[in-house]
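As written, the chains take the letters A, B, C, D, E, F, G and H, and residue 1 is the first residue of each chain.
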Amino acid sequence: MNKNETKELLERVARGETSVEAALLALKDAPFRDIGFAKIDGHRALRCGAAEIVYGASKTKEQIAEIAAEMLGSGQKTVLITRMSPDAAEFVSSRLPLDYNEAARAGIAGERPAPDGRGKIVIATGGTSDIPVAEEAAVTAQALGNEVTRLYDVGVSGLHRLLAHTDEIMTASAIIAIAGMEGALASVVGGLADCPVIAVPTSVGYGASFGGVSALLSMLNSCASGVSVVNIDNGFGAAYCASMINHIGVI
Amino acid sequence: MNKNETKELLERVARGETSVEAALLALKDAPFRDIGFAKIDGHRALRCGAAEIVYGASKTKEQIAEIAAEMLGSGQKTVLITRMSPDAAEFVSSRLPLDYNEAARAGIAGERPAPDGRGKIVIATGGTSDIPVAEEAAVTAQALGNEVTRLYDVGVSGLHRLLAHTDEIMTASAIIAIAGMEGALASVVGGLADCPVIAVPTSVGYGASFGGVSALLSMLNSCASGVSVVNIDNGFGAAYCASMINHIGVI
Amino acid sequence: MNKNETKELLERVARGETSVEAALLALKDAPFRDIGFAKIDGHRALRCGAAEIVYGASKTKEQIAEIAAEMLGSGQKTVLITRMSPDAAEFVSSRLPLDYNEAARAGIAGERPAPDGRGKIVIATGGTSDIPVAEEAAVTAQALGNEVTRLYDVGVSGLHRLLAHTDEIMTASAIIAIAGMEGALASVVGGLADCPVIAVPTSVGYGASFGGVSALLSMLNSCASGVSVVNIDNGFGAAYCASMINHIGVI
Amino acid sequence: MNKNETKELLERVARGETSVEAALLALKDAPFRDIGFAKIDGHRALRCGAAEIVYGASKTKEQIAEIAAEMLGSGQKTVLITRMSPDAAEFVSSRLPLDYNEAARAGIAGERPAPDGRGKIVIATGGTSDIPVAEEAAVTAQALGNEVTRLYDVGVSGLHRLLAHTDEIMTASAIIAIAGMEGALASVVGGLADCPVIAVPTSVGYGASFGGVSALLSMLNSCASGVSVVNIDNGFGAAYCASMINHIGVI
Amino acid sequence: MNKNETKELLERVARGETSVEAALLALKDAPFRDIGFAKIDGHRALRCGAAEIVYGASKTKEQIAEIAAEMLGSGQKTVLITRMSPDAAEFVSSRLPLDYNEAARAGIAGERPAPDGRGKIVIATGGTSDIPVAEEAAVTAQALGNEVTRLYDVGVSGLHRLLAHTDEIMTASAIIAIAGMEGALASVVGGLADCPVIAVPTSVGYGASFGGVSALLSMLNSCASGVSVVNIDNGFGAAYCASMINHIGVI
Amino acid sequence: MNKNETKELLERVARGETSVEAALLALKDAPFRDIGFAKIDGHRALRCGAAEIVYGASKTKEQIAEIAAEMLGSGQKTVLITRMSPDAAEFVSSRLPLDYNEAARAGIAGERPAPDGRGKIVIATGGTSDIPVAEEAAVTAQALGNEVTRLYDVGVSGLHRLLAHTDEIMTASAIIAIAGMEGALASVVGGLADCPVIAVPTSVGYGASFGGVSALLSMLNSCASGVSVVNIDNGFGAAYCASMINHIGVI
Amino acid sequence: MNKNETKELLERVARGETSVEAALLALKDAPFRDIGFAKIDGHRALRCGAAEIVYGASKTKEQIAEIAAEMLGSGQKTVLITRMSPDAAEFVSSRLPLDYNEAARAGIAGERPAPDGRGKIVIATGGTSDIPVAEEAAVTAQALGNEVTRLYDVGVSGLHRLLAHTDEIMTASAIIAIAGMEGALASVVGGLADCPVIAVPTSVGYGASFGGVSALLSMLNSCASGVSVVNIDNGFGAAYCASMINHIGVI
Amino acid sequence: MNKNETKELLERVARGETSVEAALLALKDAPFRDIGFAKIDGHRALRCGAAEIVYGASKTKEQIAEIAAEMLGSGQKTVLITRMSPDAAEFVSSRLPLDYNEAARAGIAGERPAPDGRGKIVIATGGTSDIPVAEEAAVTAQALGNEVTRLYDVGVSGLHRLLAHTDEIMTASAIIAIAGMEGALASVVGGLADCPVIAVPTSVGYGASFGGVSALLSMLNSCASGVSVVNIDNGFGAAYCASMINHIGVI
């Protein structure tokens, strides 16, 4: 049960449409339910303003399906599943309604929520190789109720490609700047933008890119103010932050 | 000239209090002025929503004073000066109105603006040794028009100290979590909070803390969502991000 | 021959049930026996208080079986085999009595000893992905005569999950805290516990987790006292330490 | 108030020597007291089995004296102060009873407790340069109620020096193995000992010792079981762990 | 004797102005002269197209003066001295004609040659803190016969500052891009330029800038083609490369 | 359209062979064309003096073929494709004229241009294992209009092999020095040469070669002047730099 | 032609058994022969005191066979081939006489020379997993004319295993100490031995062993004098050094 | 008492010049003597073939003097003291006969032994900045009875300087190659020499030299056989190894 759903419940109680007892029952679920191999944190949506997310990387397809089903069965309307292989997605979608994005290796089980944020989240990438991380961010942002604008392949070695999109950059609520190699995109975007920039280094590159470390260091040292950084390839985390920013004061 | 000042100027034009010519004159300054050893970026306030900041670390006290005077003389009401030694501060304050915070090694030249953000920014530290970085963040946040709540010495090895402040954490607009050593504060705060958390690793520690690298890595790997990270000891950068978040949709 | 067995032998001598000559014969085995590709260290049990362990990682299944058989044939009652693939386990179990734990990739050949420690060893993990390391620790602890309590998926981003188990943490003889990513579990547990905490970083994570290095550094820098650290993914080593602690003054 | 002191208090209540009200008063202190720049954690002794420790590294001599006085004034009998310069020690000792060990850069304010552990803690060093870290460990162990045996300069390049002390090593409750350079002492001691070994890498060395990193890695990779590791130069942390081990089941 | 001087000598021989014997004498100097603590490589100018350079960092002021005097005395017209403290410069200038640049910590002993390259070398820096490295490059370039254009403080977080100088960038023979922190300047300049870009990372920054390593990695991973990199803070090396490029086909 | 083609176009206009309108049409193409998954930068050739290059590493064979076809169809005469697998090359060559070099994993689609540089580019390698990187450099140099001399297996542990080629080294326009392991080739060649040396570390080696990092560091620290460095295994980047140098003042 | 062969040739000339002309012919071979993909360095045996070695890692089985055949055909009696897969070995042995050691992944083509060194080379390993590196060292030592004593699995966590071989250690000409994990073997052997110790770190281990880096650092920091180190897993290099030492003053 | 001295003693016994009892007395000294802060290892000379060495780095001048005096008083004829400041040297020389080399920061107390090795040890450096390390090696080699040839400033960027000394290189018993920066000297010397080369990386350099790490890695990856490596700046260790090699079969 997320914050909106909780609010709706309380409003139904206020309007007399739901009895106090029924509301209590809905709320009284233990803060987490133990399903053996994982503890599902039902109150986290309430506490942190977003639905529980399933990190699929270290789970079997059966575990992913079981956890997602448990969540949907407990009243959660939207479940985001990240780091899920196409094979696992096929298995899950045979049991649950699932909207899977193969480039992102992520999917939405249940309903995709309508955008309810303050504005748009811009997702920019330095090159085409960064797109999988960008798509993970896009799917996440959408699952959390945000409208997304994609600006792909606008790296700094061809500035005119980026400058052609100054409008989108100047009007965003939050920007996710995704780049591998030297990661300079974050600084240039940060210099142009008037909103927080979440930088995502990617493991794209070779040799001295060290699996994304060079881009990570570059972004941490950005000479532009207003830039903060998440882990390498962590499109999900960047979108989560951006969604929080885009929903400030909403609801 | 920052965004508010520009807006005021335009409104004065709209009300007929300022002629179009005078307004044009005020706006037509070159986007940057070259004063020999530095280019002052006058339009950045307009472009990025905040006043120009002087990074004092590599400048002489004379240069700091000259740049700040030039800015104040050009109509900037507030100039934040960071990484300024007490000695430089003494010199600057003999020439300009300066409110210097020695722990922060930062000061505000000109007026301190009234808070105009959405809510409060919480600044939490793991230990007492992190306070200088926290104070840099606090001075910055105040210079950018934010109200600040300080929660110092609430590290995770004594959880009750942190849990005693759950209210402040749950109602913040943005939280700055500052910690050295193992940097676990960011994850624990991120798990409790309902707003973006900007994590700042500090160079506090010894041995395998590697000047803040351990805390940095810990924060980048935070298992809590909604946490993004800035450079080691970068209290300024964290506050700049937090202020942007706290001002979304304001003005 | 381990310490208990040696003690029994000496007591039998004291009671006249075994002649001095027979006892001498049992003890006089060379300190190690060379079986060509490895030297088996028979006196180590006597010297170090625990049975010899077979580290299976770099050995063929035939070598594992031969070494374990040699040990059991020399009077060792329990042989712990770690880092053994399911395939090797199948081979070994066709030749010896073997209790294999696939998640742990470890097994016990011969008898599982009854717990004879002072209290319980608590094994806690931050997430579900850390379970294989935790199970290696659990199997090891049991092979060395300890009772084990498992607390899995109690990571610090959802503190209530951990706090629900304060009792187990406060009454343990020793705690093994296992976590990847930012490794903050060790500090939080260390702050709650009244006994030694052995921290095990895991290679769980991606990007800047650097195969467990981030968690390792985090744990080495723990702000909680009473925390010491073993190698990445070294569930065995942690359990060995914990067992030593749990057996102090016993026998 | 530490565990023993709490127990004494309760026993005095049981024997009618202290009224319930007085006991309540003694216990009811807030779990921590805020003295402005630090939160003093009075219940930690109760919770973690040891007195509060003052980490002097980042504190002024006035702060150290104030914190220690506050603790002693609240009924704490022993306060350990680590990482304290001779200059600060002189200042503190002019205000409080202080037993300062200059090599250790640590001191005990208040009473030195009588040893009440199970056995002895052996502190071994590879060379003479490791002695400051060893002395920090020794002072800590004594402040926590342990008897200490020092074996200094017994590095592995002259094995006979170490082997001459096999008796002390075989009969210890816990061993602290301190070495810089290649850190091999931990493995050799671990192979000889029958109790937990806490390894402390030191920053002694030059070139590729990398300020203790080489010794740290060596110790983490120890081929001997029963070895766990603390941070570089962390004599305090090792002694804290060793004291916990030496007090298991005592009180 | 550098290449031009050798050519002049040969032409004088061809014109009969110098006897073969005298020319032989001038050329027959041993390829290097041993002055005790250093071997002076007289033929290197001939072999590598530039005068010998004195790297002052590890030499006493007396040694610097002696080496430079020996060179000037052997017919070398210009001697560049780098990494020379103001104190050493004062000593040297009391014995030799020296044009010292304090920001650069470098100076030219003897004559400053007239520019004889193909075009101009542009030296750009990201910030004002990079100026010492830039000045070392400028002095070096001038000592090697190049005309220099300085573009300082044109970092990428304020793109308009850089774009205001597109003309200089598009018409350079070679560009030296100098930046610390995230080092993005090299990529942006590389995308705009039509000539080789030599990137110089600087040790400017703090925290995760790691003394220039972040900038170095960023530059090595530049997504712009035509960018090569020299050591951190190596303004000299960059200018040496740029001068070679600027003199291709000249003489 | 590259610089030469643009010049030809302008000359045809000057000679009246092409109308101003037709020329405008040819030039007015948007600076980049968006083909969905990538933005093709048509003006880059004009801006940077070389044709667009397709970096095949992260693209499907279909994407490579589509991009190359689009380029050739837009008037580009030569398209260089790097990091292309033999499988992809087979696919592309079934659709386009392609000259594929399997060792280099690179190929030229369209025409191979005639050499039009100032002189020759020498490509030297330390060992035979470095040849794939060298061939990538050679194909790139040829695609950009350069004549190439290959000196393979001339590593410094057998100096006579290198010294046998002093002539080629002394007369090159630019030298590409390619080596793994200790990377000493760059320094020795730099000491012999009279032209810029572009050093390429390779990932050849094992153990402490760390995938090319040792060679990279060695080259960055070269004691020879005139050496600059590109990323590990970046034969393409080195050749691009060398070609720029070899074409200075040409056209 | 190696040194012995050259000496024999010269002696045959001295005894009149070979004409000066024939000898000249035998010696006049170019210092290296170019066979297309590699330069064979025939004079290296003369210069460096050992036969040419073929490093098989980056060569096809056909190349290995061709190079070895060329060498044997030129009068070389013994050719050592290292880093050769079993598959390549099978191919080579179908064309040449080859004595292949699969554990070592190395073989000797042609004759195995009789030992002609001063004494024995002892090869010691810490564990059984280090044996492949040890066997590479053993095959190399034998190919270079040395007698070898193997002491395997004598790691320092069970000192008695090593001390049982004090005689072999005290009487060796040179010792090769091979260990992974913490690499302490080198220090302990170095403390016992009276001859040079060549330490070889191995990539054996996991987690913080970092592929042999921990052992490498440990060995470089050895507190025992007389220990020098070669690259990780470089059994060949260690044996080459040891053979040089064992042949000093011989011939 | 070193090996020679022990041998002399035994021969005197054999010749009846010393009684068995006197000899026994001389030999019966405990293997080490404890003088409080250090254990002096008297038998090490006997065991390892060289006199005890005092590592002065972490010792007070009083400790150095006391240890050296104790050694000389026990019959040791020569005591080498390394890492000793000029100030300490002055103190020591006021109490003992001391031959101090300030560049080396090392000195010989007692007699300097006559050279008794097989041949000469060549000590070569890349630059003049490496001389302090070279002098430490030279003093050490002389203290251990070796004749030394110095070849300073023969770095590989000017090959002719090195090649001018081919004779010394070809006839050495052992070579110590000392270089900072890129460390290529070891490989080039290793390719020329016919004897073992001990490579010493130095901390000379800046930026990406990382305090000697680049040179260290370069040397470990040397493509020349016969090269082994000691710690950064460890001139002592290299000379100790070289002396062992130079004394093989002597006595």
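What we mean here is this: contacts are C-beta pairs under 8 Å (C-beta built on N, C-alpha and C of every residue); 3 or more make two chains touch, one makes a residue touch a chain.
What you see is a predicted model, and the numbers here were worked out from it, not measured in a lab.
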Q: Check A-E against E-F and say which one is joined by more contacting C-beta pairs.
A: A-E
Q: Would you mind working out whether chain F and chain G touch using mostly the same residue numbers, over half shared, or mostly different ones?
A: different
Q: Return the distance between the CA-based centres of chain A and chain C, expressed in whole Å.
A: 40
Q: Please report how many Å separate the Cα centroid of chain A from that of chain B, as a whole number.
A: 27
Q | Intercentroid distance (Cα basis), chain H paired with chain A, Å | A | 62
(Q) I need the residues of chain H touching at least two other chains; which ones are they? (A) 127, 158, 191-192, 207-209, 213, 216, 220-221, 225, 231
Q: For this structure, give each pair of chains that are touching.
A: A-B, A-C, A-E, A-F, B-C, B-D, B-E, C-D, C-G, D-G, D-H, E-F, E-H, F-G, F-H, G-H
Q | Contacting residues of chain H [partner chain E, same complex] | A | 127-129, 131, 152-154, 158, 160-161, 204, 206-209
Q. Which part of chain G faces chain H closely enough to touch in the complex?
A. 47-50, 53, 118, 173, 191-196, 198, 216, 220-221, 225-231, 236-238, 240-241, 244-245, 248-249
Q: Mind listing the chain E positions that touch chain H in their complex?
A: 31-32, 37-39, 41, 43-44, 57-59, 201, 203, 211-213, 216, 231-234
Q | Residues of chain E defined as touching chain A within the complex | A | 126-127, 155-159, 163, 180-184, 186-188, 190-192, 205, 207-210, 213-215, 217-225
